[in-house]
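Just below is one structure, and these are the notes that go with it.
Order of writing sets the labels: A, B and C. Residues in every chain begin at 1.
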Amino acid sequence: MRALADLWAAYGVTLVFGAVNAVFALSAYAVLAVGVLSFATVVFAGIGGFLSAQLAGAFGWPFLAILPFAALAGALAAAAVAGAFLRLESHWMALASLALVLIGRVVALNAPALTGGVNGLIVPLRATPWELAGLLGLCALAFWRLDGSAYGLAARAVREDAAVASTMGVSPYRLRFAATLISGAVGGLGGAALAFTLQFLSPDTYFIGLAFTMIASTVLGGAFHWSGPIAGAFVFTALPAAMQAVVPQFEDVAKGLVLLAIMIYLPRGLIDPRRAALRRARAHG
Amino acid sequence: MLLFAAQLVNGLSLGSLYALFGIGFGLVFATLGVLNAAHGAYASAAALAAYFLIDRFGTPFAVAGLAGVAVGGVLAVVVDQIGFQPLRNRRSGMLAALITSIAFWIILDSLFGVATDQQSLAFPASSYPQAMLALGPLKVPTMQLVNFALLIAVATGVHLLIEATRLGAAMRAVGCNDVAAALGGVNARMIVLVKAFLAGATSGLAGVLAGIATSNVSASLGEGLLLKGFAAVVVGGFDDVRGTALAGLLLGVVEVFVAQYLSTSFRDGFTYLILLVFLVVRPRGLFGRDSVVRA
Amino acid sequence: MAEAALLALERMVKRFGGLAAVDGLDMRVERGAVHGLIGPNGAGKTTVINLISGLLAPTSGAIRVGGEDVAGLAAEAIAARGVARTYQNVRLFPGMTCLEQVMTGGWLRREASLLASFLALPSARRDGRRARERAFALLENVGVAARARDLAETLSYGEQRRVEIARALASEPRLLLLDEPTAGMNAQEAEAIGSLTRSLSAQGLTILMVEHNVGLVTAFCDRCTVMNFGRSLAEGEPRACLDDPAVREAYFGRKRDADRMQTHG
């Protein structure tokens, strides 16, 4: 028991942030799974996060009551963006989503009533580790179901070859729209989770750094199965913490090096069902 | 009226930095297809190298600046060969390129923080021309004119290089289709290295000058330039140096005037709004010929 | 009155910049027929398939499927009207098993909603089971049932082609477009494909087949269209088409020229 408490004291913070990052990574995975590269999830997270902070601070709502609204706000924002962006060619869409993130920060800076402006916003509510674990568990369950359902099969088809998928009656646009909505909802949840973990939000919270970390974690863990983003997020969060003891000051460098190594040697990420299946086939062949 | 003129010069000077960075960025933008998150680090590294030489060895400014530019170029080549070359060999696509660039962004930013002890550094005032020059009734800091002059020089030079030399033709060919270029006798590998060096060097120059202009050599220096330079490339047209130069100047002027006459907290917002509009409505920019980005 | 022609192309034109890949093509495919589309390389055959399936929109002209003009509709809308296809270079989805490929092909035959599938409701589970059984049966029909749970990309080229056909059949189409289905196959395998098309046609399916193998066309097609330079040269029974002087010229050159070459050695 004592050992567990010590372990928690040492690594609890890491696990908590790992869980929050895992929710974010899943929201990035939602769109990567249909072949869309977009940074806009961070904007949906910001909307969910600031809304949650206001609901907790100004109205005193509890964690569980706030979550559905954070998800809803994120999904609505996603719906607004998807219509305009999904018709763009993929490179330009990715960059437009980046521009949206940049604009989002300026908006956050200039809406002090909602976001506290340049001074930021203090969040009076703190989510307990169990609440965060429950949130992550719920999201994981949802993605497990998505991957294993008809939607998951259609998503893989659109991602691998959208033209061929369309000749089978699958509408790539509709599927990507749905994926963006899911990414918005989960992003909103992640935004709320982050707000209730950091307990302080600023216009820089939901910005490029978070966007890059989200996507990097997902690709690191593997964007071909729902367990990949979760694994990637925990690795990405735990690595610097673990390295701090070994190479202080260079823990982030270590993180970057691991990411680089994965991109060179295991570009499909740590968890890849296809790689595993091919290996099995070779073994039996 | 005098304030207007002063702010105009201010804007042109700031825009020159954006344009210089953008020219470097634009050289490799099309081949990567998506943002190179590490590109800003070349600028920061150049500024840091120049600062280091001036601070430790009292090197004269011009020499230190040139050294910084070279450092930017070399760093770009290193990143390209370690990170992007394997992707090119595998024809990996834009997601892989992005994540690799993020990896380098993390590494370089972190190393930068360690090297500067997380402090932001300022070039000693004595190291660069401080005097104000008189343009009629207007007094303008020398460095602002230097920035503008350097932009014109570099933009002209790079434009002539690309349009009027065999090396430039080879660079354009490789940018379009490296296999076809190689079949045509171009040493594609060499060209890629030259392009990378040029990209890092130009952005490095922007970094050194920005370090002086803002009295702030830090990792955020590169990031700020990256975002604005990227905007200049999109708005101006990523395959035309003149377009990038003009767009950079335009964005600099717009930013200064928005800050002056509207509100300082909106200064970036206008720039990014223009960027977004172009991305959605006219991705090839004001002067671009091609609206297709290969990756 | 039901149209005898399930598929009719009327003055079909497709330009890419200045080049007309299809240049005023008229074609009629009878209901229930196996119809061959032949012609030299570059004649525009694959472009025709791409136009019919909706991956390309025509510059002008009409594409009538069952009497309805579908020109310019999105590919998924055309698929919903009972059109399925295979590809010249086999385009199976990487990372999916053979079973999954065919189940994806059966997307339009799903009865349960996406939401029901997500919630794993009993109706959706039944639907999924049915889809799996149908997919298995189709794989059996084409002779690759033993590899159903293997990654499709681990199968031989010939087997992959057959999986692709099974995938196309999964949507229970009324018009099947086959783009060079026997390319890279030996005589035996090609024969098997030919027999398969005949048996499918006997069950009421209309098949349009781009084919290079003239022997196969004569053996298995009811009618054919010969194309060159984006236009139709001849349409009718295979023997009659191949005897057509314009067709012979397209393939073999002019007799006068052949004679002259022979004289001068």
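We adopt the following convention: a contact is a pair of C-beta atoms (placed from the backbone, for glycine too) under 8 Å apart; a residue touches a chain by one contact, two chains touch by 3 or more.
Everything numeric here is computed off the predicted structure, so don't read it as measured data.
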Centre-most chain, if every chain is reduced to its averaged C-alpha atoms: A
Label of the chain whose CA centroid is most distant from the centroid of subunit B: C
Inter-chain centre distance, subunit A versus subunit C - centres from mean C-alpha coordinates, in Å: 42
Centre-to-centre distance between subunit C and subunit B (centres being mean Cα positions), rounded to whole Å: 51
Mean-CA-position distance for subunit B and subunit A (Å): 30
Set of subunit B residues in contact with two or more other chains: none
Complex interface listing, subunit B residues touching subunit A: 33-35, 37, 82-83, 86-87, 90, 92, 94-96, 98-100, 102-107, 109-111, 114, 223, 227, 230, 234, 263, 265-266, 268-269, 272-273, 275-276, 279-280, 283, 293, 295
Touch list for subunit A against partner subunit B, complex: 32, 37, 84-85, 88-92, 94-96, 98-100, 102-103, 105-107, 109-110, 117-118, 208, 212, 215-216, 219-220, 249-250, 252-253, 255-257, 259-260, 263-264, 267
Interfacial residue positions of subunit C with respect to subunit A in the complex: 53-55, 74-76, 78-80, 83-85, 87, 91, 93-97, 100, 103-105, 107-108, 110, 112, 114, 117-120, 124, 128, 150-151, 153-154, 167, 171
Complex contacts: residues of subunit A adjacent to subunit C: 145-146, 149-151, 153-154, 156-157, 160-161, 163-171, 178, 224, 273-274, 277-278, 281, 285
